[in-house]
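Let me begin by handing over the structure; questions about it come next.
Chains here go by letter, A, B and C, matching the order in which they are written, and residues are numbered from 1 within each.
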Amino acid sequence: MKSVMKRLIGMIPVFIGVMLLIFVLLRVVPGDPVQVLLGEHYSQDTIDRLTKAMNLDKPVFEQFLLYLSGVFHGDLGMSYVMKKPVTSLIMEALPQTVILALMASTFAWFVGIGSGIIAAIKQNKAPDHIFMGFSLAGISVPVFMSALFLQYVFSFKLKLLPLSSDGSLKSLILPAIALGWNSAGSVARLTRSNLVDALQADYIDTAKAKGLTNRAVIFGHALRNSMLPVITLMAIQLSSMMSGAVVTESIFAIPGVGRLATNAIQTRDMPLLQGTVLLTTVMVIFGSLLADILYSVIDPRIRREA
Amino acid sequence: MEKTKKSTDHHNPGSSGAAAAAAADRKSADLSCEIKSYVGIRKKIRRMCRENPLAAVSAAVIVVMILMAVFAPLIAPYQEAEQDLMARLQGPSAAHIFGTDELGRDVFTRILYGARVSLMVGIIPSAITLVIGIFFGLLAGFHGGWVDYVIMRFVDVMLSFPTLLLCMVMMYVLGRYADSVLCIILSLSLINWAGTARVVRAQTLSLKETEYVEAARSIGVKRIRIMLRHILPNCIPSLIVLYTLSVPSSILSESTLSFLGIGVQPPAASWGLMVNQSKQFLFTMPWLALAPSLSIMLVVLAFNFLGDGLRDALDPYLESR
Amino acid sequence: MKKRTGLMILTACLTALMSVSAFASDGDEKVLRLGWGKDIQTMDVHKTTDNYAVPLNIFDRLLEVQLNEDGSTEIVNSIAKEYSVSDDGLTYSFTLRDDVKFCDGTPLTSADVEATFTRMFTLPESVQTDFTTCIKGAQDILDGKTDKLEGIHVIDDYNFEIVLEEPFAGFLSVLATPTCCIMSKANLETAGDDFGVVPEKTIGSGPYMVTEWKTNDSLTLVRNPEYWGEPASAATVVYKVYPEPASMNMAFQNGDIDILDCDFIDAAIVQSVYETAYADQIVMANRLGTYMIILNADVEPLSDVRVRKALQMAINRQGILDQIYGGNGVLVDGIYPAGSIGFSEENQGWLAYDPEGAKALLAEAGYENGFDLEIAVNTSASANMNNMLQIFEQNLKEIGVNASMVNYDEAEYLKIRKNGTLPCFAAVWTLDYNDPSNIIDTFFGSVESTHGRSLNYADTSIMERVIKARAITDETERMAEYAAVEKKIVEEDAAWIPLYSLQHRFVISDKIEHFTPHWAGYGDFSCNNVTMK
């Protein structure tokens, strides 16, 4: 517990750093949120009035401090464009993103670990090539291609699943596969190569000599020892999926965090973008914490070292 | 323990930086007892080509692609942006082997020219990333103390940032000073170095403690010399692998940016942009999207296989993924 | 542990798969489903200049524009049951219908009209002040001198007058624009900043009311039970956001969308798929809008009128219209959209595609070796617009001009345009109200407007004529003056390259009996004009 607290406190400078970076970048980006709001009709009067109303006439550093003090009071500000509190916009988008991320990760882990194991056992035989080929295709095809393809085949032609999100779990299956397939490739690769290494280790020979079945050797010994880096990878993947998957969300019309963030960039909606980046940072920090905890569950030695 | 980023949709095989760093951290104890020499690299690569035909074929594919890109003006049957409005959206034929796009441009020609952009965007940023990563990694690892703290917190900041968002913002910031391809190269370079820095730092930390470096230090060899002559060469095998794996991730990043409409500027061609322009015709006129998508797939796969092969051959310590 | 969670999720997915969603719509509960490319930003019409879909449906205007069978338009009464204009053209007297109620049951009265118009000018974030500053006292509010609108006189609950600063023939048309949606005074006061954001706090008297708005996802309208007119055919209207055009296209063919706006879809798809397989389901709307390529006169060498004229001759407009837009439109050679009031037949037909002539003109201007030219592109522009600019670029290369396209994302594009330094770019203007003043005032009404639109048109005497034309009371004389000004600006001074007016195509599903698009061919329309089977 203590080390967790220490880690969290250690992340505060990183946190402020992320905020500062996005703040500075957004001031350097050409383009003006007021102009985006006004679109076609405007006069200089209107621009001046709006700039003042949005606090954009204050010095940048003052704006940053105002924002930081807001964050520590739990207030992320109002979205310039959507005119709603950033917190409520994020809370509205988060459930979809979380469910999608969980489903995609589940798919990635089952497929990835499964094909990794099969490939490792049948090393250099046909199943190895088939399963690894499938997984690697996931890494090599840009996500928009696989997403459009799945949408076309399963929704448009076969009419098995909804074409776009309607809030139901069913409508998230295809996006989860499109997103998860991508991660499955890396999981499979890592599982396979670690397992191959582990199967060559001395203690495996010992275990085999003791008369354990092949299956017991693989699942009891080799897999356990080769899973540590895989878990790291999976935690990282999960936390990054939580921060939104812009392309998948666009193609399947899912109102998630990724789209909120890209819209915010395009409309220079600073409070909204800062809010989503903040969320992402928190997710990443928790992702690595989670991996740490899982590590110590699986391998008690690490607990002692820490 | 490491944090890493991965917020673009596509899996970032190259930002394996973090996973690799974890591996490097853990294996550091073993590493310290053996100092590898980089002179054997050529030999090892030759052996890899013999023993791992897939990696060899991949290398050949990459070389062919690069040659095609370099000699595009000689090979291409048409000009890059040559329009023929009377011959729009034609299927494959003798005159246009991959058909024509919406403005009657030859798709094969654009694939060739697109290869220039896509490969450049893969190869150059990964190299720049490497240089920046090595610089900060060495500095942090060797100097230690507050320098290490500041650099590593900065690395943490970079890694916890959603990559795609950062990339978009960078594209907008840089957009006014450079053309779109250069912008992508710069954005990817300025964003992706953090993973490399981590790996280099981890290796530096462990190498620093070796008797070999201690000895060099005790006889008064200058720090910079120790870093460049004794530590860096030992990082090279892992860096080669990291490099090969980060190229495909950059290529995919470019295609995602172009898909979102903020990547390469038409009428220039890149594979990602070609997919973007043809996505609506994906199923009515599939040849339009097929050629660029397959090109992306082929190159990305080739780099991945080559990277895997190189890792097996060069660097038993950099854990595979 | 991990495995068990995984199993649970898998089971959940399967359950969801098997349970067929009950989305049955029985006879009376007809649901109209529409697609949007991106979400709206607000439902408050004073805070937006392009999200008109919701305001058109949930509010009423004093007057409406009616689209006749022959394509002409006329102003008809809406919640104003009668009106008269004084002889000097300054005072407009209105009588409201006495049966109009907001969806919360309160009656709509003159006080609401006054509150609406006052808010238009007093609200700090108001962006709807351009067309209505002609109301007496409006400028004083904008200047911060007062917060009372002098030009509105409430006589009793159902009678009021609007007084203008000077005569303006297009004012009745202005009253029919979404800008002048009438809001509820009580609602505006109680809702405060939530107006236009929270559905239940956004109250109007139109045929529909908003029940739900999920950001970036969907917006739901249901029939307003208090509506004074005929109840709308569809009981519920659901707008769903499809950010990816390829998906929207599939969604329509899949039966998930009832009216597809072809502006979102690549024109080549419209031609190859919809014009064949869905030919009898296409609804055409005359878009009262023109496309043009603006030539910034402050940018060398566009400052030379011969160069601008050469560019006008260089572009193959008919080729673009035929190839990119499948010929669904007409070339225009002036400022006013084809079919709009003020469109002058006499000013058409002078501009022909003539690359040789263009080269000769360039040589005469001293640019026989061409010059470099930046074509600015807005990254959020449609694929069609982008293709058009790529052909334009090629056309320019053919006359020796070294043109290159440069991307700007929308926020930056607008800012540069406002600064008056965007060099050469495509623009489109769709009429807000059917009067030539709408478009010509916007682009050529003042030094500020030509600068803010990166035209930098130099002739201030023309600007004076443009503004004076508003007040000409004789209609024939006014139109003649507008035509003369148009000829001077486009034909003689070549301020921009006029392109075309396009048809706006929609495809309707087999659930739609009848659909009348917006009179100006907007993508947004009142769902009252949709009859479902």
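Throughout what follows, a residue touches a chain if its C-beta (ideal position, glycine included) is under 8 Å from a C-beta of that chain, and two chains touch if they have at least 3 such contacts.
Everything quoted here is computed from the prediction, not taken from an experiment.
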Chain whose averaged C-alpha position falls nearest the assembly-wide average: A
Between B-C and A-B, the pair joined by more C-beta contacts: A-B
Chain A and chain C: spacing of chain centres that average the CA atoms, whole Å: 38
Whole-Å gap separating chain A and chain B, where each centre is the average of the chain's CA atoms: 21
Whole-Å gap separating chain B and chain C, where each centre is the average of the chain's CA atoms: 45
Where chain C touches two or more other chains, by residue: 244, 246, 380, 409, 412
Residues within chain B bordering two or more other chains: 172, 175-176, 279, 282
Chain A, residues touching no fewer than two other chains: 29-31, 148, 152, 156
Contact set on chain B toward chain A in their complex: 1-11, 13, 16, 18-19, 22-23, 153-154, 156-157, 159-162, 164-166, 168-170, 172-173, 175-176, 248, 252, 255-256, 259-260, 272, 275, 279, 282-283, 289, 293, 296-297, 300-301, 304, 308, 319-321
Residues of chain C that touch chain B when the two form their complex: 244-246, 249, 265-266, 268-269, 272-273, 319, 323, 377, 379-380, 383, 386-387, 390-391, 393-394, 405-409, 412
Chain B residues within the chain C interface of the complex: 81, 83, 85, 88-89, 102-103, 172, 175-176, 180, 261-262, 265-267, 277, 279-282, 284-285
Complex contacts: residues of chain A adjacent to chain C: 29-33, 35-47, 49-50, 52-53, 81-84, 89, 92-93, 102-103, 106, 109-110, 148, 151-152, 155-156, 159, 161, 163-170, 173, 249-253, 255, 259-260, 263, 266-268
Chain C - residues contacting chain A, complex: 2, 5-6, 9-10, 12-13, 16-17, 21, 38-39, 41-42, 47-50, 124-130, 142, 193, 196-197, 214-217, 240-244, 246-247, 250-251, 253-254, 256, 380, 409-416, 418, 442, 448, 452
